[in-house]
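Take a look at this one; I'll ask things after.
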Amino acid sequence: MNDLAGRDLLSSLDFTPEEVRGLLAFAHDIKHGRVRPALAGKVATLLFFNPSVRTRVSCESALARFGGTGITLAAGKDTWNFECREGVVMDGGTQEHVRELAPVLSRMGHFVGIRKSELITVGLDPAASGASYAELAKDEFLQRFTEFAEVPVINLESNRWHPLQGLADAMTIQEKLAEPRGKKYVLTWTWHPKALPVATPHSQLMAAADLGMRVTLLHPDGFGLEPEVVRRARARAEAQGGSLEESDDIAAAMKGAHVVCAKEWGALALYGRPEEERRQKEALRQTWIVDADKLRQTDDAFFLHCLPVRRNVVVADAVLNSQRSVVVQQAENRLWTAAAVFGALAAR
Amino acid sequence: MNDLAGRDLLSSLDFTPEEVRGLLAFAHDIKHGRVRPALAGKVATLLFFNPSVRTRVSCESALARFGGTGITLAAGKDTWNFECREGVVMDGGTQEHVRELAPVLSRMGHFVGIRKSELITVGLDPAASGASYAELAKDEFLQRFTEFAEVPVINLESNRWHPLQGLADAMTIQEKLAEPRGKKYVLTWTWHPKALPVATPHSQLMAAADLGMRVTLLHPDGFGLEPEVVRRARARAEAQGGSLEESDDIAAAMKGAHVVCAKEWGALALYGRPEEERRQKEALRQTWIVDADKLRQTDDAFFLHCLPVRRNVVVADAVLNSQRSVVVQQAENRLWTAAAVFGALAAR
Amino acid sequence: MNDLAGRDLLSSLDFTPEEVRGLLAFAHDIKHGRVRPALAGKVATLLFFNPSVRTRVSCESALARFGGTGITLAAGKDTWNFECREGVVMDGGTQEHVRELAPVLSRMGHFVGIRKSELITVGLDPAASGASYAELAKDEFLQRFTEFAEVPVINLESNRWHPLQGLADAMTIQEKLAEPRGKKYVLTWTWHPKALPVATPHSQLMAAADLGMRVTLLHPDGFGLEPEVVRRARARAEAQGGSLEESDDIAAAMKGAHVVCAKEWGALALYGRPEEERRQKEALRQTWIVDADKLRQTDDAFFLHCLPVRRNVVVADAVLNSQRSVVVQQAENRLWTAAAVFGALAAR
């Protein structure tokens, strides 16, 4: 595979499509017991600012199976509160600066993983942050941390990217379609009571693009992803022999689809204003759910979702319980792609 | 030992008395360094909905000593909130269905452990749940999770059972009595400020029954265990050459006892009504504590308690500090029986 | 090295200066890959009553790198609430006595680590405890736990001592100065919005004393450390060919210093009265910060701080960002000294 030792994985643009393919081949080999990533005695500090099931367990399990260890810290609960601005007089609510935190965690272990999304919440409460998407998309803490880190930093989901999810999706698509190039992939927006982050759909879009698929990004007006991300995805898709188009026509999108990936996300222009967002999308609820009828319009498509998923809100039971749903396999592939990432980024 | 590979351990009725004996022999062998359970590279995801010291540390330590790893998740804090009803439209406070959670955690590791007791609380606050015991005893989440799981599920304490505690008690009784068959075992109710769960005494009762002991279940009127559990325990005791009787006569019960196990639990008919329960048992406080005087009436009995224990409320200092108390050994055996369970259930 | 197997490490006075030196030599050997501490299969239960980054990650990582495992418990959240008084009727807010907790955790693993400081808080809230320093300095829980423990107990920071921090400081000073004996070490008090604990400066003072340095304890009037600790430090310093003097003259202290260690701590006489403490020290803020001007007065001193540090409150950016700051190396040495401590105390 490509030589990724010592690299960071902060976004789904950090690796070339060829590097992604190499990483996926490594993940397939690990899954099928053909190779073991060299993780014996390796330690990853995993810093979570948000709840997590799949990300945390897949990373810790990937390390543990091959002799390594993940140390999970719940930021702000197990730890101090962190500062990342320059020159600030720290006499307020923050106790530790990333200029210390990043090199210190780098000396403690061999990797640092960071999940920090201002938009992930538990329950129905609106996100605490009132910042604009443009502000949040800078992923300031992650970027600043990486600037001062001395070991590979792995993004476990930020405001803009969730690269490990993208890799697991790509691996699953490869397993189901064998040769995804030129096959039709639909990433469809779905209604959800909250304004969820765009990190996951950004990375999912890039995964399909890097596989050279014919990508349709399907969403109602006002619910597009970040234009720059879409532009980059289109360029990468085309370079791989694929394409990318945006559409709000559900029937046209479903027709001929080989993969339907559902994802709920918030309107970028309304981030930080959850009540207004909720009102604007109320009428979309009935239409923008993936149900059996929609799946029937496809070319016997496989169904993907990153999980957790609200049943009968985002997708109907009939779809999730059917043989076309590969969401469990997709989640399992979080484990093998995480093992591949840790194995590939480990310094030698 | 018996072949338990791939089995679940949800209740103290899941294994036959012969299988229990095989498991205990395995635990003794592990404790004395005669065998090592094959846990290298094995991962258990341990999902705790309630606080834990012994259960969590014994499971994690058992895995760690033999090359495995326990990944502990604090449900609802580290994780999302889970749904287990069928067909529900998930637009409320739950984000993830057991239909996804169970197979996904199954793909991440080799075992899943679950502690979910609606009746465990910290401090003196009454339990949040207002459900009846009959409702709670269904252990719906645990059962539903297991239905969709693909790896062995281990009950780390539910509303109805705490099978790992029962095994540790049985191991301790074997160590102290050599041949427990026909020896007298008293499980005595004790007063406690709260209405504690019955899972532990259920499994403790079954442990003594499976060892073929002469079991006395001692409690004041209105504070019996679940009748169906008592019936099953009596049948298993008799099949092993023992017996089971219920009594509210403390003096008669203590006379000739070889083991006294104290446990505090709530009145089944008053679950969800802690204030009423508290009033009804107020007069029992002075009588229903295990003190040195009661122990003197026994045949030099060993004293058991699952811990944690409220000193001088459930049992007097003079008993706990005496040589007859084996509560620390009993807690230690949580470690060795956990190692035996993980080792025996591991798929080969 | 000296034979420390089976010993406890509760205070910076528990080991002789010769034993400390032996431990540091072991830590240097581990750091440079010349030896591996024998930690395979060893388990440490780490009980944290307070937040932690460096202590927790350094201990867990030290164990993990050499085949062991740290099991971290957040006391009072993951666990029950603990009692350590004798003879108490436990019908209040505590559920478990150290008389059970300590031997039980001793049976579960090979070490127990405890962080319990009544004075550590997160954010700007004053400490909850209103107890006097004299009361807190007894470290009652830690002492009582150790009394009933059966394996080595390691103090991960109490009200009075933080011995692991002292060891890391000593190791760093050795690395930077080669022969610290007779070199000038200044431990300087700094202003901070809160009344922080004295455990760390106590152990830092003892570290410099054990290295035989010429120690200056620099602080404004009313902000001295515990007199008994200072007396012991002076005795140990003198026995090693060094000295210890107290001063409130910043310029005189800085002159000729080879090491400046900054630390913020509260006025002992005002513990439990944070508002009064804050008022008394308000005027000290401008003077008692370590800035580039102060460092220039030294003999090109290295700068130490235990971290986390409030930038531009305790120490200026210009100092922390300079080549003379060794705070990251000092934090890294937490890892190697922890590995040495676990390795040395492990029973054989």
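Should a chain be cited, it is by its letter among A, B and C, assigned in written order, with residues numbered from 1 in that chain.
Going forward, a contact is a pair of C-beta atoms (placed from the backbone, for glycine too) under 8 Å apart; a residue touches a chain by one contact, two chains touch by 3 or more.
As the structure is a computational prediction, the values presented were derived from the model and not from experiment.
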Check your understanding: Do the two copies chain A and chain C share over half of their interface residue numbers, or under half; same or different?
Key -> different
Review point. Through what angle, between 0 and 180°, must chain A be rotated so its C-alpha atoms fit those of chain B, rounded to a multiple of 5?
Key: 120
**Study point:** Separation of mean Cα positions, chain C and chain A [Å, integer]
**Key:** 40
**Study point:** Per-residue multi-chain contacts in chain B, two or more chains
**Key:** 69
Revision key, fill the gap. Within the complex, chain A is touched by chain C residues 48, 51-54, 56-58, 60-61, 64-67, 69, 74, 122-124, 193, 307-313, 317, 320-321, 327-329, 331-332, 335
Exercise for review: Would you mind writing out the residues of chain B in touch with chain A in their complex?
Suggested key: 41, 43, 45, 68-69, 71, 73, 77-81, 83, 87-93, 95-97, 99-101, 103-105, 107-109
